[in-house]
Amino acid sequence: MDRDDLIRRLRAVVGNPYVLHRPDDLIVYEQDALMVARHKPDLVVLPDTTQQVSDVVRLAREAGLPIVARGAGTGLSGGAIPEAGGVVVALTRMTRLVELDLISRIAVVEPGMVNADLTAMLVPHGLFYAPDPGSQVASTIGGNVANNSGGPHCLAYGVTSNNVLGLEVVLADGTVAWVGGRAHDAPGYDLTGVLVGSEGTFAIVTKVVVRLVARREAVRTLLAIYDKMDVACEAVSAVIASGVVPEALEILDGITMRAVNQTLHAGFPEDAEAALLIEVEGLSESVPVLMERIEGICRAQGARRLQTAATAEERFSLWKGRKHAYGALGKLGRRAMMLDVCAPRSRLPEIMRRVLEAGRRWNIGVANFFHAGDGNLHPTPFFDFGDDSPEYARVIGLAEDIMRACVELGGTITGEHGIGLEKREYLGWMFTDADIAAMKQVKQVFDPAGVLNPDKIFPTGRAVHVVSRGADAPA
Amino acid sequence: MREQIPTTGAPPRRFGLNDLLVAELRAVLGDRLSTSAAVREHHSRGESYLPPAPPDAVVFPESTDEVQQIVTICARHRAPMVPFGAGTSLEGHVAALEGGVSIDLSRMTRILRTSPEDMDVTVEAGVTHRQLNRHLRTTGLFFSVDPGADATIGGMAATRASGTTAVRYGTMRENVLALTVVLADGRVITTGSRARKSSAGYDLTRVFVGSEGTLGVITEATVRLHGVPEAASAATCAFATIEGAVQTVITTIQLGIPVARIELLDDVQMDAVNRHSGLDCAVAPTLFLEFHGASERSVAEQAEAVGQIAAEHGGRDFRWTTDADDRARLWKARHDSYFAVLALRPGALAITTDVCVPISRLAECIIETKGDLAASSLTVPLIGHAGDGNFHLIYLIDPNDAKEMDEAKRLNERMVLRALAMGGTCTGEHGVGYGKMKFLEAEHGEGLNVMRQIKRALDPHNLMNPGKMVRV
Amino acid sequence: MATLAPVHDPRARGGRGLMPAIPELEACIHCGLCLNHCPTYRVTHLEAESPRGRIYLVDAAAQGRLDLTKSVADHLYLCLMCRACETACPSGVQYGRIAEAAREVLGPPGPPLTRMMVRLALRHLMPHPRRLRAMAALMRLFQRSGLARLAARVLPGTLGRRLALMPVASPRFYAPEAEVLPAIGERRARVAFLTGCAMSMFFSEINEATVRVLRRNGCEVVIPSGQICCGALNVHNGEADSARAMARRNIDAFPEDVDAVVVNAAGCGAAMKEYGHLLARDPLYGSRAQHFASRVRDVSEFLAALGMRTQSRPLSQAVTYQDPCHLAHGQRVRAEPRALLAAVGVQLTEMAGSDRCCGSAGIYNVLQPEMAETLLREKMEAIRETRAGVVVAPNPGCMIQLRYGAQRFGVPVQIVHLLDLLDEAGA
């Protein structure tokens, strides 16, 4: 089948406007939020139903082209970059709420539904969808499933895989299959569990059954301001050790807060080295008591000042400020590379010390904003030189030092962003050859021909392609 | 009366023990291998009603390394292997349908690493959950999954066990962080990590949790711990109707009240308890609740809130307390329920069933099921983990009366199909084993094919607990 | 410091021209948080119709990786220039400047005939108040004589419909009584007033109301006769050079000795606040433009800061507020209009997505009728859900579009300007 033939047949499935083939239409799909690699797809298709997805997959297979599913393209590890070309299947048109069971607190949604839109729809019903990654105003549920996305409120409610009960997927040969269901635990192998976080390499998700959480009666949000980062980290341990499990427990460093302050009045201080952002929820009488206890702990651990959000707007501003952290770094440097390491929480002060040391050693500014309660850090180096500069090796050195430190302390090289292509060469730092072989066996089951999102997750022996701002990417 | 073993049509193969295999295993295990009839009989069954099927030999390894050697040897001889924990499974999980070697992990009882600060612990597969909680007594932490039996962590991981605290603390699905597994060819892999969140590679922990021994032998597990609550309160309430009780549960959860346990006992069960324990409870659907919190005020607030909800739904005589002794008294009926049931008909075989439906259909499912039961001659009490939409019926049948067995099976099948039709599942927590394979097939269409392919990929010779879960 | 590559002749590379590598492009780090805030992305779900995608196209062109073909121009011109993305962007990317720079290279939108007509209108009509007045007179004639009604019945489909709902020209093109109008009562400030093209043609009574309210609040109002169109449409439609000329005229025409240059049209206010950027490379006017721009205020900003003398006149009907894009996103003015409404006793029912574009967007609704119609339908639904009887929309383009929408989609609602209510309340 030649290209024109394929285009014609794809158009018959999804309609003319939704088969993209012109250079300007394709070029905008060559990257997601990872800026150091890019590759144009051969075609981009935007289906609107499960049947269309299935037909598109079959046609792509017939044409011998790889298939890369894409949501909003906000992934930070290059999971949606079509490094081997092929057909990008963008699920952004599939945004329907298919079913809502308020009593069982379950919803069935299409994969292109924007995370924050789902929660917004549930507000009148006193429910919400708990995993709230920083990208939630743009990222889609399908993308969240692919990466097992987290977010600040995962401390209390778990990550995406704890909040997904079932999936409808299109397999590599176009077959449509349901896994899991509406009950909290389905018998048989936990295919839902293994599909979540499979980064588009097992199947294309076309429906998601999500668990919804009831909003608690009362919520309090506290910003505890510290003069030293390691003191703030110790405070985190103290809060958790006291037996309280907050809904969210984040840390922002001074660099981040000052950067955010430049674009947003979030209520962050200008002159602190670190701040804890803590949220507790519960019944209206217990919450203030809980909050007082936390405030006491924070003070005992040396907080310079405590700031409680007095209104819903203030609370919203604090969280908006937190979620703007990555983007705000655009003001500090032309580029930023957000790492995503996760270590056992008890090692938090130690890992932070090593992060700051690494920054000093490689002489690169590093901003930190992270899910301290989970031990999930986002050290984010920011810099002005381009990725074609010899200086860029320093950023890689820094990133490797930090990842290595985390693995040494029993942690992981990626807490929630996924391996994608960004970290595939490092998979061996966490898993033995036997472990990886077992993973490949499971991959073989789902995708024997290796057409779904090839060259992601597993090491290829090739460096991630570094793109320079002036030159063209190789074909 | 022998149960017909579900087959694909071909007669089941039956492994024939050979001396070479025994010799090789003895070289590794010494006298920790047995072929005696008594030991084999003990390893032929769990606690299910399904007929026993003894293995040809039983081995007792004491380390992952030994398990690896055992599996390698058995694989070479194409001997089927059946992992065995405490033998408390309920759907024939440990029956050696094709003979072979039962790998008894109950001697692997070391607790390898406890991290109170990180709230996780790594244990060998033979550690039971009660042993683990005894070990944790001084740490202020506990392992929350509490199935009725004192099962091993390995077995609980293999069956994705649940318990009464699932509504707040989750099942094994949420509480297993990492596993060490010996695969069918003897390779040892580790899945997951100690990090609370990880997106690195595929979540193979998920593949093995709930795989019921069909993909490999779990030898070690890292599990999540929770803080022992500073304060707890307990409550009970009888209701005029099942709907009232279930609606109370629904509203409680919708209001975000973080209830730790909600159990529902029906009138038949309450009657059994009255007789057995000499209590004077209302013979009516009754909820047993437990609340955990960071302060007395918090658990009191939760209990009071639920009291109000219960009153709105026909609840009578709502009682609650924070005192530890009184809590035990309030929950006595629930704690004694299983024995009370057995006492109803001494000598009878107790068959416990297990389905789960979305909570919006729970009342309907229970009522229709009880409608079926009312028309039958059997006395069948009901206990449910109402917060999860999961409930159990306990059939007491005369083991020598085939008609009663058939009746129980017929009623059970109707109930399972009813649950499936309501968007539910054929097993809330007991697993599939081989007793429920046909329901698994009814529940999953294409997905089942994928499961079969995974089984074939990881265990191409079908040696790991053959005849269970997925037909190949 | 900007280091710009020279802009070549548009026909030099076979496409529409060469895009310079402007520094604003550096700020985008592709996070994608803008996507779901962009009205055209929400409708199409296509990356190329999102702010990030459009920036990517411009950036690729600036790197020489993409020719500025008609297809690229179509993507860039489907953009409303509402700048909701700027509000959403955590990195502070100045999307408006990027889009304007790209449009400067591309020239006016549309097929060749449209481009020519747009260019004609922008160069030879907008900068000339007398010609605008003449056109207004013609429109009044067309409408009053019944020709408009006839044409609407006879012409087919959309064209006929739009003609039927064409905004009605005011009986009189706005003409102030004098160039300097004294304050009523104690003088608290001296301001200059931009009369605006659309306001003067279609809403001259609102201009009168604005001047009244300013004077009643102690402002001496200067209405320079030498002022002309602010040039917003020119900047947004690839006519940057003529826009610069218009800016220079205005900077000359407005006096320096005023506390503020007050504007009652959001689009014009936003444009004039950016005169500094527009004339940044002008050796003569550069710093004067900065200074001028720093004194521009939307009338709501100005009155809120001054402190309005008012009395409360609660309305019987429910009121909702449409944030004009160039006021909310372009100027970050949201609280002040609401505060003023509250001050005169109006209780607002907020509409969902009040700061989402109604589809007017300058001449966008004429050039991109389908997208404009889709957005308008959604907007009218949002208004319907508030059950409000009155919508306050302080911008002429929005008012025209919403009035059309009310009729088109059968939503019984009155569209008024903020100053209408303030004037009625006797503020």
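Letters A, B and C mark the chains in the order given here, with residues in each chain numbered from 1 onward.
As a convention for this text, a contact is a pair of C-beta atoms (placed from the backbone, for glycine too) under 8 Å apart; a residue touches a chain by one contact, two chains touch by 3 or more.
Here the structure is a predicted model, which is why all the values come from computation and not from measurement.
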item: Touching chain A and also chain C, the following chains; value: none
item: Centroid-based (C-alpha) most distant chain relative to chain A; value: C
item: Centroid spacing, where centroids are CA-atom means, of chain A and chain C in whole angstrom; value: 37
item: Interchain centroid distance [CA atoms averaged], chain A/chain B, Å; value: 33
item: Distance from chain C to chain B - Cα centre to Cα centre, in angstrom; value: 66
item: Chain B - residues contacting chain A, complex; value: 115, 117-120, 140, 160, 162, 166, 170-171, 173-174, 183, 187-191, 193-207, 209-211, 215, 227-230, 250, 253-258, 293-295, 297-298, 301-302, 305, 356-361, 388-389, 423-429, 431-432, 436, 439-440, 443-451, 453-455, 457-458, 469-470
item: Footprint of chain B on chain A - complex, ascending; value: 101-106, 126, 147-148, 150, 154, 158-159, 161-162, 171, 175-179, 181-194, 196-198, 213-217, 237, 240-241, 243-245, 281-283, 285-286, 289-290, 293, 340, 342-346, 371, 374-376, 406, 410-419, 423, 427, 430-432, 434-439, 441-446, 457
item: Chain C residues within the chain A interface of the complex; value: 26-37, 45-48, 53, 56-57, 60, 63, 65-66, 69, 71-72, 75, 88-93
item: Of chain A, residues touching chain C in the complex; value: 20, 22-25, 27-29, 31-35, 46, 72-74, 90, 92-93, 95, 112, 114, 116-117, 135, 137-139, 260, 262-264, 323-331, 334-336, 469-470, 472
